[in-house]
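Labels A, B, C, D, E and F are assigned to the chains in the order they are written; within every chain, residues are numbered from 1.
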Amino acid sequence: MHVTKRVEFCAAHRYYHAEWTAEENRRRFGKAVGLHGHNYQLEVTVEGVPDPDTGMVMDLKALKDLITDAVLNDLDHRNLNEDVPDLNGQIPTPENLAVCIWERLTPRLVDCRLARVRLTEEAGYSVEFYGEYRP
Amino acid sequence: MHVTKRVEFCAAHRYYHAEWTAEENRRRFGKAVGLHGHNYQLEVTVEGVPDPDTGMVMDLKALKDLITDAVLNDLDHRNLNEDVPDLNGQIPTPENLAVCIWERLTPRLVDCRLARVRLTEEAGYSVEFYGEYRP
Amino acid sequence: MHVTKRVEFCAAHRYYHAEWTAEENRRRFGKAVGLHGHNYQLEVTVEGVPDPDTGMVMDLKALKDLITDAVLNDLDHRNLNEDVPDLNGQIPTPENLAVCIWERLTPRLVDCRLARVRLTEEAGYSVEFYGEYRP
Amino acid sequence: MHVTKRVEFCAAHRYYHAEWTAEENRRRFGKAVGLHGHNYQLEVTVEGVPDPDTGMVMDLKALKDLITDAVLNDLDHRNLNEDVPDLNGQIPTPENLAVCIWERLTPRLVDCRLARVRLTEEAGYSVEFYGEYRP
Amino acid sequence: MHVTKRVEFCAAHRYYHAEWTAEENRRRFGKAVGLHGHNYQLEVTVEGVPDPDTGMVMDLKALKDLITDAVLNDLDHRNLNEDVPDLNGQIPTPENLAVCIWERLTPRLVDCRLARVRLTEEAGYSVEFYGEYRP
Amino acid sequence: MHVTKRVEFCAAHRYYHAEWTAEENRRRFGKAVGLHGHNYQLEVTVEGVPDPDTGMVMDLKALKDLITDAVLNDLDHRNLNEDVPDLNGQIPTPENLAVCIWERLTPRLVDCRLARVRLTEEAGYSVEFYGEYRP
């Protein structure tokens, strides 16, 4: 049984590789080299078996509180290029963000396991990470 | 090949465990102990191979009629705590509802099999059941 | 300048006129005579001129707090037929709810005025009240 | 890691089997025997590992250009019964369209593989193809 | 008080002016000269005062039945260039469709008046007609 | 007759009043003092009468090109606090942005007039400007 909670956060970022020239960055990343931002939609899916008493895989409020504490408090209303230590040295693509979010959530789940992190950067563009490799 | 049909239904429910005190129920379930309701979104996914003549895994109208007959006629515009016998004795969580819906649909499919029941209780909160266990 | 904030709440209700027979209620209201519920989407629109310093018609957090205090605390996770005194004696249609919400919000706005209350009961069915009459 | 890009296209079609009588077509396909059309939503999912330099499984612009070139240029604003040679002789169901789109995309991907084609024909009705068989 | 009901219908159309050359049509209408189609979203808004007994401006089922009878039965699953007499000689733009739909609905409303017809042809492109002129 | 086209753009911003202390800014604007960003949804509505030949108030492609040229080229993938001269000295609230966009569009429309600019900053928070005052 999968249970999914979606939250949103707003952050700024730009795509810029420090070892490349400005021209190379522009050629590779286009207008994404300019500082801009997104309303990210984050869907966290946990997998488990419902508790026979409560009928819940995981209490919804507990799941929301975990996402807030482990992810939103550090990423919401931030500059992803500068304010998030575990993204240092990485281009803040949705792929890299999804792995970062996975690593923050997975050690803190008990009685169920993290099954999927889906991150939608803008309408019609999303990534899904299943923990299939470690950074 | 997966084919998914989404329908909506409106129902009332509350979370209340008969063997717990009112205080314990309040502590565990918060404001969900009060009678309230939802517009549920139900997505039913069947899996099969398209018929070579019609190009369809399952006729869409037949799928809608099945969902209406097996699920909506008993759950739509109902009180899930009292009006649905196969939920008796269970907290009407989306997890328990998804299993109940799976059990109602799966014996009635021919030429294709039920692959997933997804139930969205409110925007950004959903469960998915794949029949991986039986109640 | 209009500023709109949308919130959601979950409530139970049924349509039943106390002075009509059960048959008459069923004939008029169909399956809505059974207790059911909805995820209501409430959009509150205020009208004003942005403050020259802040560039805001009304601070977003203040607007959210007002909606929570004046509306959600009394309507969310409630039975609209029994738990809301100002709806007593009325069928809890979206029309009557919109007027009830208007009356709760309008006396508490300062520096801007309430322009519209839009209430969506289910996907594709909504009402809009502009305060054009008083109950 | 999965990366999904959604695009939309508008096309006309009808359901009609050339070897059946008009009555048989009407009986099987209902009002879909009349020429009509849809805004199709196409979601293309590729699977791969992010490039360590760019943090991307596949450049988003390259993915959009591929979908435009391989799919949209031939299907958008077309009559699917007459204008698409690889659909000749098939009922243009979403199932058959999904296979057609898979066959157009899969040979042109490098460094990642096609994982899923999801096609939504109208709100609440979609198919997913994973390349599990070949036409 | 405004009450709005949204429905959807699927239709085919093309843009082609019979008195212009093919080149002129192509220059003016671009790819819309090819036969294609849409999932139209139609929102019908009526204006009135709620009945004191029922709390309704207009019964929702009666509004749906009216839209089905006056509009959907003739436009859904049709070719708008050929199958709808009152569109004859007109380019089936959303503007012309909205006026056509207004004319079909407005004479059949009693106890409330038609306030707005909104037609969305594809995500992010819509028209609104308020009956401000007659065709 | 109203015609509405919706587009999206991504931009970074922060709320910070240069004449206030950091503490005052934090007290007034909360977490919005940190650099963050949004996927803005911009809906531009023009008002006019359809051309009798084309059935259009304004050609859709011409409307999209105007929005791109007058608005998106300067605001998309930008830092609204630094990169947009006509926002200099203003807090980049949606209210101020809507007026800025109105001023950029309105002088460039011919044969129809600008009726509304709606800007949605995040799901459930939007502003509407009707040109009712000039900056």
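Going forward, a contact is a pair of C-beta atoms (placed from the backbone, for glycine too) under 8 Å apart; a residue touches a chain by one contact, two chains touch by 3 or more.
Because the structure is a prediction, the values reported are computed rather than measured.
Chemist: By that same contact rule, can you tell me which chains touch chain A and chain F alike?
Modeler: Intersection of chain A and chain F contact lists gives nothing.
Chemist: Return the chain whose centre of C-alpha atoms lies at maximal distance from the corresponding centre of chain B.
Modeler: F
Chemist: Taking each chain's centre as the mean of its C-alpha atoms, which one ends up farthest from the centre of chain E?
Modeler: Using the mean of the C-alpha atoms as each chain's centre, the farthest one from chain E is A.
Chemist: Averaging only over C-alpha atoms, locate the centres of chain D and chain F and give their separation in whole Å.
Modeler: That gives a centre separation of 35 Å.
Chemist: Measuring from the mean C-alpha position of chain B to the mean C-alpha position of chain F, what distance in angstrom results?
Modeler: 42
Chemist: Compute the distance, rounded to whole Å, between the mean C-alpha positions of chain D and chain E.
Modeler: Distance between chain centres: 28 Å.
Chemist: What positions in chain E touch 2 or more of the other chains?
Modeler: Those would be 123.
Chemist: Could you please write down every pair of chains that are in touch?
Modeler: A-B, A-D, A-F, B-C, B-D, C-E, C-F, D-E, E-F
Chemist: Can you list the chain B residues touching chain C in their complex?
Modeler: 8, 10-13, 31-32, 34-39, 76-79, 83, 122-123
Chemist: List the residues on chain F that touch chain C in their complex, please.
Modeler: Counting only chain F, the residues touching chain C are 17, 28, 30, 90-96, 98, 123-129, 132-133.
Chemist: Touching residues of chain C toward chain F in the complex: what are they?
Modeler: Per the stated touch rule, the residues are 1-7, 43, 49-50, 53-57, 60-61.
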